[in-house]
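Presented sequentially are two complexes of chain A, the first with chain B as partner and the second with chain C.
Here is the complex of A and B:
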């Protein structure tokens, strides 16, 4: 009875929005990531050298930005998110763990099962980035130990991509669609499905603002440009732009186009990102160019506000009661 | 579920006598008169108001008492059906609520220059202890209140650190254990953290008559790991949960264990080391901690990460995803868990069973009675 009542109170469009997100955003996003990481792995198998592999790395990272904000489903299992993208990394765990593997020529790279036991800091996109872009690492030859390591990282990413898309196709899409049905222990009501997607939307924006931008900004007295995400491969700003674009797509599908203020706020933020001529946020050191990064950060905060004013009431959900007000 | 009922004393022509009788009977009320709840939990209702609930072992509502505002934790009297509901930090009041009729029996008000930190505990049938901030000095204090004196304030002692949060009574029945979170705040700036660079949390054992008798600290590199919540096992093993205030990076421990030994100097805390990926999923934040009913497993919850992590003391850990999960307490063979989506779950082994789902948001803590 209680479930029925909640269902009746929800606008029908809201529930249709869940279906639309699954079909038009999540499933194609993961299929894209699986395809891009499979291509990366094949490319590494053919030619592991850094110049040859860099384009496939960028394509895989671009695809990841289409789904990196999806916080529900199989990504929640076994720390897959950190395994794919271990960042922020203030203590240089990736550098240290890669260094240890390289120094020991650890045979874990020989088999996927043994590589799966390697520290998550030495796996995924950020480990691969070091191997392909760090000047003292990326000069390796085909057939060398570093080459095998790069192949192992690429194959591991492809396995993750495959398991995520399979997990959604075979199970989690249906679990999310059947929110509130008897026996669904993951989403106990339809409202919980909306809540999960709404939370993913806000958390994604928060990560752009409080990690991707706040890390390099540091403080005015002490900017930290070297903390910019994926700066070695020159993708710091690109990741923000792609993330915002993916989040705008999620918001559009979730509300079936019924959130014009949110749309406008996203457009302003994405325009601000596109206008910024500072690919790895080196400008944070200079007061005037720093201001532009701060303006982008503020424009992302405005998107979050628009979402909470417009989409929250539309869907009848609010951000986490405890998550936002812990103690 | 039944609503709060008025006293069970009949009004009749001997009203005056009955009134006297009621006065003498009232102190004999027990938790059974409130429906024998196993737990207390506060919640925000769908209409935006707040209430305190009594829950059975199976997670069903036994009573509901409206609260004037959002609370934090509650302290349950060991035998009497009285709950002390604390205002959110930095609140200056706490309400003593009769859980049989829903009436506010007393209002505890922090003296000028003090505020509560949101937790408290009874140390015997008569004495309530609350964590407090001495605003002028920033020193953590523990205030003592006497039930038999109408919940009058009868004294206070140092907590052994800055920013005391959770407080529990050790199994010896006479020593307190306090989580001094280390974070300095001032009511003028709300919850703004004023000393993150120099904070130094600790776990203090405190004699209610005198003050701290033993203090446990973290290794220097973890000085920004705020010790905030506690649970105890019958043998005195203390589990403490932490919240990381430092920079993002490799995940830091969020659960620590300590047991007092004959030689305090030897008694280093043990920090749990779950799989790094599981720890990372908690996003540096543990909101509640509890042993399970067997004493062999310990759960910490992270509403921020939407996960509960269960550590098995014999090795291994298990991560359970649940959005906005926070309240956790022991149940006979496992845990009872509440979340901000209105769910109540029983966890046994690696199985989560949904016991209830209400259109309300359960607040941070689930408090076990007795």
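Here is the complex of A and C:
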């Protein structure tokens, strides 16, 4: 009888979707990122050379794609999103700041607390990508300064991964769950919890469409393949596919499977991404292969549209402000 | 008779209850404030134009200093209009002409060797228009012998579709007046000598006549661009007509402007990112070291829109029915919280401004390991983030929660990418 009662009550509570997102999407996602970055750091400590570290690098980046769209909670408070993944980088800040560290052999790499003061442009996944994949950087030997820098970046990522998963486990999961309860000053109502997750969902899609794809697309007259995200490690398309997959998972849990149109739109977009044989979007230079990237972009726009038509009314929310609202 | 009296009393009583603030009046006041803000921007840009002409006619430390002062004064009203940008497409589409940033200043004039050369992102990062009357741009031969407003706006601005090729607007003028800030994290702004505009042998760094022509053309263009936008907010102007056409959409535009400027743009892109990058180039007004004022008047503009009041450069006040009145009628608690948040932000931005005015330069605050500077900036960031939450709550309280989602091209025009 008690089980039946719970079964009857659950689907009617919008917050059940929030619980499900926390338990089945956010917490496992951050645990995975913490584990992958810890493995990266251990691997770097054992053998820092580029060929040895590249597999652990990919695993860490894959894990990041499972949570990079979670804009609420400890990641926002610490400004960690850009510390982990600073991109786009229109002014080549990563190149400049890494170059300065390498030229000076800056001793900040010797201690985690001093490396934590270094510009975010020389930290995180994109700084590490340069060290592991740029031909004029990745030939360093074990024990050299670049090796210590790679170890410092890896350890810093592991520390971020650890603090994010701890922040969710120890505090923010409960804050989000107790939205609207007395004393909860972050989410004043259940609706605000739903709105925060709904905004994260749409913002993630916006980033895929307007940054990951729009940057290399440029314009028809002036394509910009060199602006593709993570092109050095060959991950540009992979990141879009993984991001869409993670966002589909978020949508499914948020609506507890009650959003078939959104599901279908996601499936179409992910299929389009999987069929695209253009790992770093080099094809944007060529009119016919460019069209395929544009079709993928369009299919992502259709997912956003489906979400706004289907999930917005279902949850009774609209998108709040997001970090991409600026220029 | 008694019945009539009580009806009359009842009517009086009813009309005295401010149950429904008048959305049309709120929107009219919003448009009035915009027209006044852009009008003041024109007035102060014309004063800059006069000062620039005086500098070109007689380049000296005094005339250069006067032109710089005029530029600084022109930023005060303009920054207070930035809140109109998000939410009003007509402003957002236009603002890159006058306020684009950051810029690869080597496009315009000489730069220090440490600036570097052409980059992956921008092959024209060191084009140096001042030194080169003729050059090739994206495969086209350009004749820049005469530097005119049209050349700057139609050919050179965002050349090669690169956003940092900023050829026009406040920041191009700022660079021509101050020059590069080569002090890194040290105090001090750019230090261009007045002789960069001198005639004949006194000319420093070459091509002084072309530099002066560039400065004149960019300033003239700024004035005409601002005049155009002022007209859009006056009676019958397109911006005013649009916000008044649909009351809920207009109110939504007001709140969208407040929230988007507070959060994604100011707190995120301009302030927090600068701290995290520890990069002096991440200063919004980097040549003049005026970033603290830029941030302060941005914040004030947000508060102006909510309170429905704007103090003009001549000291007169434009005010009327406000968004605060509307929100108070819908939910007094939300209004009280938002009012408090806006005040708290202005206190934080005021502290930032006071610290910088007192000699603690913004680029010093950005330096790696500068805890005090970081604290000053991040306190203001936190206040801006907090007020954004309250702005979202105001949107909900008013029941107009259809905040424009930026990626909604597909909703407006599903076939856009195929055209």
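Here are a few things to note about the model shown:
Assume the second predicted complex is superposed on the first by the 308 of 327 C-alpha atoms of A that agree within 3 Å, B and C clash if a C-alpha of one lies under 4 Å from a C-alpha of the other, contacts with A are read in each partner's own complex, and residues count from 1 in each chain.
We take it that contacts are C-beta pairs under 8 Å (C-beta built on N, C-alpha and C of every residue); 3 or more make two chains touch, one makes a residue touch a chain.
Owing to the predicted nature of the structure, the values given are computational and were not obtained by experimental measurement.
Touch criterion met: A:221 reaches chain C, while chain B stays clear of it. Shared-chain residue A:118: touches chain C; no touch with chain B. In the superposition on chain A, A:320 contacts both chain B and chain C. By the touch criterion stated above, A:162 is placed in contact with neither chain B nor chain C. A simple residue count on chain A separates chain B from chain C, and the partner touching more is C. Touch criterion met: A:211 reaches chain B, while chain C stays clear of it.
When the two complexes are overlaid on their common chain A, residue A:90 makes contact with chain B and with chain C alike.
Residue contacts after overlaying the shared chain place A:79 against chain B and chain C alike. In the superposition on chain A, A:195 makes contact with both chain B and chain C. In the superposition on chain A, the residues of chain A touched by chain B in one structure and by chain C in the other are 76, 79, 82-83, 90-91, 93, 119-121, 188, 191, 195, 320-323, 326-327. Chain A makes touch with chain C in their complex at residues 76, 79, 82-83, 90-93, 97, 117-121, 188, 191, 195, 202, 205-206, 209-210, 218-219, 221-222, 226-227, 294, 297-298, 301-302, 304-305, 308, 317-327.
Against chain A, in their complex, chain C makes its touches with residues 86, 102, 119-121, 138, 160-161, 163-164, 259-260, 262-266, 268-270, 272-273, 276-279, 281, 368-369, 385, 388, 391-393, 396, 401-403, 405-411, 414, 417-418. Partner chain B is touched in their complex by these residues of chain A: 2-3, 6, 71, 76, 78-83, 88-91, 93, 119-121, 185-186, 188-189, 191-192, 195-196, 199, 211, 215, 320-323, 326-327. In the complex of the two chains, the chain B residues touching chain A come out as 44, 72, 88-89, 118, 165, 228, 243, 247-250, 275-278, 280-281, 285, 287, 303-304, 306-307, 321, 323-326, 339-341, 343, 352, 354, 357-359, 361-364.
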